[in-house]
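You will see chain A twice below: alongside chain B first, and alongside chain C after that.
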Partner chain A sequence: MSERRYIDVFIDGLIGYFDHLNESVGLPRSVINQSEADQHSAQSVGLELGTPYLLKNEATIGLDFTGMISVSGSSVGTVFVSAPRALLKRILLSHGELELGDEFMRDLVGEIANTLAGNARRELGADFHISIPRVIQTPINTKDYSLDTHCYLLPFRWRSSKAELIISVKKN
Partner chain B sequence: MKLMIVDDSLIIRNKINRTLLSRFSKVCRAENGQQAIDMAKLEHPNVVTMDLTMPEVDGVEAIERIMAIAPDTHILVISALADKATAIKALSLGANGFLCKPFTQSQLSSAIERIIDIELSK
Partner chain C sequence: MFGSLFGKYRFLVISIALFLIFDLGVLVLNFYTSGKIAEQTELINSAARQRTLTQQMSKATLYIKSQKLQLWVYQSGLDELRDHYQTFGANLEAFNRGGTIVSPSTSLPISISAVSDPEGVAILSRANSLWSEFETAIDPLMVDTLVSDDEIRPASSFIAANNLKMFALMDELTEFFKATSERQTNFLRAAQVVGITLATINFFIILFHFLGQLRVRDQEIQLKQHESDQILSTINEGVFLLDQDMMMSGQHSKQLQKIFLTRKVSGRKFERFLTRYFPQKTVSTALDFAKLYFRDHIDTALIEDVNPLKRVEAIITKKDGESETKYLDFSFALLNQDDSRHVVLVTVRDVTSQIRLEVQDRLNADELEQQMMLLTQILPIHQSDLAAFIEDSRAGLDRINLLLKGTKQANDDYEITLTRIARETHKLKGNASVLNFEMIAQGHHKFENTLEEISRQSKRRALTGRDFLPLTMQLKQSFASLDLINDVRDKLGDYVNTSLNQGEWAAQANSLELSTNESFNEIAQQNPKWFELLAYTQKLAAQKGIAARLNLRGLNVPLNAHLSSELYSIAVQLLHNSLAHGLESERERLELKKPSLGEISVSISHDKQGNYRFLFEDDGRGFNYERIRAELIERGVLDASEAKILGNTALVRYAFKDAISTQDNVDQTAGRGIGLALVWQQVKALNAKLKIRSVSNEFTQFIIDFSFTPNKAGSKISDVPSEAVRLVS
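Moving on to the complex of A and B:
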């Protein structure tokens, strides 16, 4: 399993997640453009994907809220979803949620991380074991979690609010 | 009919509640498998929506134990775990349906209507 494969699986999950949100708020589903052989791009009114890049060994990551999932079994590592309040507020409203306090934002960012990691099992199989989500509200040093794997950051925006998906997973 | 919503996410519990509230005379909620088992003994729900990845007792164990207590309970699994093996295991334990997260309100409504049809046809 190549690192690129993990990134592709999680990008597919991210597109699927926001397609459902788009549907909830009456926006069109994402249009996937794979004209460039090694680069995904999703274009819709809602989701914009940036280009994934390799983080340095001791990079500091983390927006307002970061959901973290530990991976074990056939693969090992960590997956993070990090988002600012502005994006989480938009998503909460799209779910029909009117409570917008920190408790709900923590719950949401953990649930997004859980959903992306759980959906990855569609491609990676049931031996891709995932933990329950942990949520962090402080900057994170990737060195503390990367388990000697490369750490890739995918920037993305949904309805103009930026966020980050960080993938540090390798075959066990 | 009584509904029990089991999920460790408050937002998901709220979303399911908003979507299904009008279809049931009573709705109760649990945030992990152990709470769900305890509540099933007290409330005797006809229909359960069950997450799988939860702290303490997970959804798979909760399904097994609820089906042992009340085998007529109808269970819709709502989980992010999207692999076929997990869905097959949940169904083999007695769940009546499997809805993958993320889900829209219309997908949830359709899935629960199919389960209500089973309950009403008994």
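Moving on to the complex of A and C:
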């Protein structure tokens, strides 16, 4: 299992979640390949992936609410999906929710993490064990988790709201 | 089987047999004695009836006599007398000799035995004697229906006189029978008491014997259980038994629970148990394998080789929901039980540490190999140079990471990011190359390839952030490589401090045919890393098949770390440029009547007023303006007519701004056209002026002028307005 494949699985899961969300609210799908990029790059309203960069394992990370998934198997990893209130509020509103309290936002970030975990279970196969996602307190102190020296931070944006997918992966 | 059963339970069988014998004995005795008592009761009743008959015979005799005197009818009295007389006589005869009598209670005939007891015989003897007298007196009355006075009077007198005697004898006989009956009753009671007592004693013997035996057995079982519990709780392996139905035994070792972090082990289906920890494919293979042990004619030693649960990876979920990966080793052994059934002893060992250690060993071996390779590259480097290299490289990688982080999601911004990252990378690669860090330099070279690939993609379509993922991944790898170098440096400690003394430098410089004009020590003290360029020049020149010599001058001036690092980096890029494009091969030089050895000079001079000049020059072929022009046209930067009218200065400006290279092939030091652009960027960052002098086939000079105040607070470069590239030809 290459590191690239591992990261791709989670990115694809994220794209899948927001595509599904877009379909439910009648928006176009995310820009993920060349032809789509050519057509939609300027005015895309789907999920937009920012430039991934590295995060040193010596700081606190995370936005307002964070869901966490642990992966074990030939590679051990931790994946965080962290979102601000603004994004979660937009998603809740898209679902027609009128309750926008913290409890609902926590549930929502857990649901996103759960979708990523489900996708990873399907894609990574039986050689990997994907934990039940947990919603954790933010900011996250990276020292509390057994993360790699450098984690990948993949910023993404949905309808102008930014959030982060943080992936730590290391060989077992 | 019966023999062994009888043998094992002999005491029980004998005890139960005795119990039955006692009970049956009492029962038989009871039956017999009851019969006797019943017979005796009949005798008592018969004897009592004899007593009554005596009275009735007397009464009948008196009746007959009375009736006869009054000349009344006496026939009924006579019939009664005769009947009583015959009954009495028959009964007495039965008492004497045995026979049949009519039961007084049931009026049915019953058989009785002759009285044999001497006491009874004596009573009967006296009764017989008296009865014979009764017979003598009464017999005349039995003959005819008419009774004479002579016949009735003596009979009546005799009966009246002896009636009470016979009554007393019959009473005595009754009492005798009663006494006999009582004796028999007492005997029966005694026999019953004895029998029941024996049976009870036997019962208690059985009870206590078996209770004792059960207690001993229980103690033995408890002891064995305790022993097996102790064994199972102390062994360091997970152990359980597996039966033919693939069910796990009730007993198992404590370690099994620890390995699988569960208490739900006993009596579980093996398949369901495994499913919690292993993929379905592994589970089904494991079950098929375990079933082989229960098949006939299977050589277990042979099938052990195909055991699918050898060093198998298990995912074990902890209480908090976290998962833990363990490597487990299952082994199977066939056991034959007493009842000839088979079970399989399954032993589970947690070999996680061992496997991790093996992996670690392999990794360590790889790491060691990598470290050894690094060691050969690190050892010749001055410790402070190495530290500076690591620090500079980390700072460079951090800058690249910041560029990635700060990139906006727009194609134009992506282009800018790619260009900036390319320059940073080129600088890092140059520094690594000078220090002979092949591993790092190659890493940066690959990084540049990836940058170019992304750049090419950007020409075909709009980029997304995901396109940068390979870069980020390589960046992580570069950080890891630096960490590795740092680890090796830390491990080497003081051994890396191999600064060459003046003599050694001179020797080295001499062997490399290098020239330096200042005191080696001075340069070594102020800017030691410049010396790395001497060997680096030789190495690169050899790679490119040219002869070259580097001259260092004026490098003993004190410069601050930043300035020194920037100038050094510029020198590296210009050195690459000279060796790739400037200096000719020995053959070409000879044809041009030049010395075969190409000369490159790097010098720093100043006017003691804070105005410094950094000069880099070579005696090579100078700028190839036509090649730059062709490259600009080829890349579509300019069309042919535009390019044609461009002057040399403008062409050189393009060479410094765009990725223009006059080398056909990209190699690790040149060909991407980034070097001069990077130099220009650094010159701008230093607020310096760049002048270029180039004469075709004669020389090229790069003159960088800047202001600097040494040994003052901060040692800052003075603000000198930057100026466009000025070409002086």
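Keep in mind that, in the parts below, the second predicted complex is superposed on the first by the 148 of 172 C-alpha atoms of A that agree within 3 Å, B and C clash if a C-alpha of one lies under 4 Å from a C-alpha of the other, contacts with A are read in each partner's own complex, and residues count from 1 in each chain.
By definition in this document, contacts are C-beta pairs under 8 Å (C-beta built on N, C-alpha and C of every residue); 3 or more make two chains touch, one makes a residue touch a chain.
Computed from a prediction, not measured in an experiment: that's the story for all the values here.
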Once the shared chain is lined up, is A:Ser70 touching chain B (first), chain C (second), both, or neither of them? second
For A:Leu92 in the superposed arrangement: first (chain B), second (chain C), both or neither? first
Is A:Ile132 touching the first partner chain B, the second partner chain C, both, or neither of them? both
Once the shared chain is lined up, is A:Asp102 touching chain B (first), chain C (second), both, or neither of them? neither
So in the superposed three-chain picture, is A:Ile11 touching just chain B, just chain C, both, or none of them (first/second/both/neither)? second
First (chain B), second (chain C), both or neither: which does A:Asn114 touch? first
For A:Pro52, is the partner it touches chain B (first), chain C (second), both, or none of the two (neither)? second
Can A:Arg157 be said to touch chain B (first), chain C (second), both, or neither? second
After superposition on chain A, the chain A residues reached by both chain B and chain C are 126, 132
Sites on chain A touched by chain B in the complex: 16-17, 20-21, 23-24, 92, 95-97, 99, 103-104, 107-108, 110-111, 114-122, 124-126, 128, 130, 132
Spell out the part of chain A that touches chain C in their complex, as residue ranges. 3-4, 7, 11, 31-32, 34, 37-38, 41, 48-54, 70, 72-74, 76, 126-127, 129, 131-132, 134, 149-150, 152-157, 172
Going by the contact rule set out above, which residues of chain B touch chain A in the complex? 8-12, 14-15, 18, 53-55, 79-83, 85-86, 100-105
Chain C to chain A touching residues, read off their complex: 279-281, 313, 315, 317, 321-325, 401-402, 404-405, 407, 409, 411, 414, 417, 460-466, 468-470, 472-473, 475-476, 479-480, 483
